[in-house]
Amino acid sequence: MTKIPGAILNVVCPDRPGLVAMFANFVHSNGGNILNAEHHRDDGSGLFVSRLDWTLEAFKLSRTQLEAEVAKIAHDCGGVFKLFYYPQQTKVAIFVSKQDHCLFDLLIRFESGELLGQVVCIFSNHPELDRVAKMFNIPFFFSPAPKGGKIQHETRAKEVVKAHGADLIVLAKYMQILSPDFLENGQQIINIHHSFLPAFPGAQPYHNAYKRGVKVIGATAHYVTAELDAGPIIEQDIIRIDHRFSVADMIREGRDIERVVLARAVRWHLERRVIVFENKTAIFA
Amino acid sequence: MTKIPGAILNVVCPDRPGLVAMFANFVHSNGGNILNAEHHRDDGSGLFVSRLDWTLEAFKLSRTQLEAEVAKIAHDCGGVFKLFYYPQQTKVAIFVSKQDHCLFDLLIRFESGELLGQVVCIFSNHPELDRVAKMFNIPFFFSPAPKGGKIQHETRAKEVVKAHGADLIVLAKYMQILSPDFLENGQQIINIHHSFLPAFPGAQPYHNAYKRGVKVIGATAHYVTAELDAGPIIEQDIIRIDHRFSVADMIREGRDIERVVLARAVRWHLERRVIVFENKTAIFA
Amino acid sequence: MTKIPGAILNVVCPDRPGLVAMFANFVHSNGGNILNAEHHRDDGSGLFVSRLDWTLEAFKLSRTQLEAEVAKIAHDCGGVFKLFYYPQQTKVAIFVSKQDHCLFDLLIRFESGELLGQVVCIFSNHPELDRVAKMFNIPFFFSPAPKGGKIQHETRAKEVVKAHGADLIVLAKYMQILSPDFLENGQQIINIHHSFLPAFPGAQPYHNAYKRGVKVIGATAHYVTAELDAGPIIEQDIIRIDHRFSVADMIREGRDIERVVLARAVRWHLERRVIVFENKTAIFA
Amino acid sequence: MTKIPGAILNVVCPDRPGLVAMFANFVHSNGGNILNAEHHRDDGSGLFVSRLDWTLEAFKLSRTQLEAEVAKIAHDCGGVFKLFYYPQQTKVAIFVSKQDHCLFDLLIRFESGELLGQVVCIFSNHPELDRVAKMFNIPFFFSPAPKGGKIQHETRAKEVVKAHGADLIVLAKYMQILSPDFLENGQQIINIHHSFLPAFPGAQPYHNAYKRGVKVIGATAHYVTAELDAGPIIEQDIIRIDHRFSVADMIREGRDIERVVLARAVRWHLERRVIVFENKTAIFA
């Protein structure tokens, strides 16, 4: 991402001839310089999925004018259009439980500028990772989630997220299942699951992988939806294992792929490279 | 594998101190030179799994004596011991349907000596691959498998396998589900499934992978058991895909991993490197 | 690739604002439907690299008109433009020595239609692979290449290539170094080298990899240029090895990546997905 | 690694029949329970390379007796034998320059107990990473390395290493070349190099990879020897790239493999799983 001000348009609409030319013309004729333009036609659904990234330096339309024009085109095309500006600073809330590897990894990447955004708070159902939050000077909020206490716990989570204005919630080994009610709260939520979904959904995937005797284990970063572990997959990766791997070995090696898979998903999301359609994702990376 | 005559012992028995020393002594004190000795303790089950490979050149025991000694040790250890001799030529039957990529691949590898064994027959529920069988001068048997005709089809399969003395059946894209009755026939059976099991079992895994929007696809070679796609996994591998892959692209790329995964599994099996325990495999490769 | 007639344009020219819009407009305003449009800006050189693929069904320009227009744009842009039509059948000559794995692999893929083209002849400095050529009914030409006999050997090679009208030469484990003179003959030449270049150039890469104790081995498909093993890299892949791998094991495992890497490179070339700039390649796959 | 006291023996000696049995007997007859025994015969050199790991709970020999016996066997075999005890705490010095990703990664892994050892000091030719050292409460020592000041810089490094009793030095993106004099200091030194050696040795491997147009980039962890980037390779890994990767993208993605490759090498070293022979390594992982 350059530091010059620019705009990114994410498009999902029914495909028809001439869309590529239309979008390219729209940007160019208004003085924008296209830095990246990627298009995809999904043959299954007949959808056109596109990401345009252009500079706003010499752009002739104001933000208001641009948004009005985009709304008009979206209406004509019968699609979903999303417009973003940069440089931007998405506000991110990280939810954790006791494991620290993904939290550490994200905080280091945000601090170094590798991830475009700002971690505004860390929320947990356990108190332990306050230690890590303090190392990076991020506000930490602990709210227990005992049996029967989910409503109170999630109410607190909503307050914390709202108070800090977070637009994105990253579940960095947060070992609770969010209720459908929480999901209607408006923020996008990215989760890291420690298996190559759809294999081994739910709890204890490494134990189940050990039992099944698989030769690869993996991790999956996905958007959270009401159906458990069934949201749009953003990124997956795997490592090879063999019979010598105990569950503890899998957990240790798994941490390395969980970290990388989650970090990639968060980076692509923050750079508006992930476009969701038909419960799948196109990644224009 | 060397060309010097030798023996391979595959062991699964309850673990106890001293087993490694006992096996090493047994071979060494009888004049065998251990070429490879690999051991594994499965912590979940407490089982000791081992593969010993030694030369018979200066071995003091006859085959009869060796087999008697091994049977005695197996009884003492309460385990399953299997003894193989080499050079050997396992007789292999290949079952196919219409797709030729795995068949070609196996025939080329057998012909070049990469796979230790002899393809004695090819059996199919379709006539098309007679063409490939002819290129390599292998007897080809076609028996249709129409709805309601499975019993007749499998009866013919059993006859062909028996007539050619095959010890191993390789399902190289044979798109039929073998009945439990057939499985009791005695030969070991290796199948290639075109997904990273346990994801996408059953039919049309690539279509289901497309629909789910996964970022990796894979292939699994496994021993066939009565429960569909649930036998011990021998080998798996994957390739990364993205939203640009159609089902046809997946099928094309998938062929490359199916070939390699099946070939590795067959090679390890023929070299007696695969030991099954607890519906899993140890691969001493 | 669809079966509808279409055109593919490969472009390399200095980048400037508006190129994406210009190309999209040119195709769309003349009645073409863009199936794929991919662009790349190489920051090191400031070059714009692009591949457009559009249908010719309703295209208003004749081939002659189209070629004239493209020549005009190329002149204006100061770039190299290449225009291809499909369906097409590139004529391919395969050069081999004694190893058959890449030859078998390519012939199977061409026969199945996975590779868009036609193998018109096989040329070798050894007689052995006539056997394989016969299995697929391809003309085979043997010309020895003894010390001091390179000129005669290459003269024969040129005759064979010319007589069969081949546009592409694939060196499928052809263990001779082609002279600069041969390279000026006009055909594009793709070679498979059995290491991850630039590591282990020249002869015996697996022996050198064994000696160096690397933990990965690889294969590289590249266009042949006058400087040995230094042409534009089209594709590379690797596999992990460990200390247990002998040179023979590396050679066996290496065959699997050589096959796949070469096949991918040939496929992308034949589908005009490879664009060379600055001795590198952009792959619009 | 278990928490029960145990011993690990690393062996390199000329191979001869009966070695496996001899070692197994030696341990078993003295009351040790072998937890792991792995052997490798290097065909190139005829060397036998072995790692034995056994419990000392019921072992009948004292450490003094054990060491005397091992010395005797080593003398008989004409080999190099190394004996280690556990639980142990290897003292580790980490050398860095300005980049923090490998440092952070190692400190997190040591803190979590994933790496068996204790970081006793951090030494740098730049002051910046004192910040990270403070987060983990590790003593940090800064000594500049200006042109002409290498001797003074290395003298300080030796003092710091000696004062903290470090047995292992990890170069975690320390961008200085250590002099032969420093290398004779006695500690083992592990370095992370940001390419898949032997490709792109020396400075700026990512720039050179960009220029060459490779399709994979990698990282290599190796023991440091007097010849630059030519010491025994412990671990390597790679990631695929394509023409869209700028040098900055390579550097970012490269950090992820550098981290993991270095961490694996350090872990295997600390668990005495790395045995060096013929400037190569056997990894008994």
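A, B, C and D label the chains in the order they appear, each numbered from 1.
Here is the rule we use: a contact is a pair of C-beta atoms (placed from the backbone, for glycine too) under 8 Å apart; a residue touches a chain by one contact, two chains touch by 3 or more.
The model shown is predicted, which means the values in this text are computed figures rather than measured ones.
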Joint neighbours of subunit B and subunit A, given as chain labels: C, D
Chain pair with more C-beta contacts, A-C versus C-D: C-D
Identity of the chain that, by mean CA position, is farthest from subunit A: B
Whole-Å separation of chain centres (CA-atom averages), subunit A against subunit C: 38
Between subunit D and subunit C, distance of the C-alpha-averaged centres to the nearest whole Å: 41
Junction residues of subunit C - those touching two or more other chains: 240
Topology of the chain contact graph, where touching chains are joined (line, ring, star, complete, other): complete
Partner subunit C, residues of subunit D touching it in the complex: 40, 42-44, 49, 196-200, 210-216, 218, 232-233, 235-238, 240, 242-244, 246, 278-283
Interfacial residue positions of subunit B with respect to subunit C in the complex: 100-101, 104, 108, 112, 114, 135, 252, 256, 260, 263
Residue ranges of subunit A in contact with subunit C within the complex: 17-18, 20-21, 24-25, 27-29, 33-35, 37-39, 41, 240
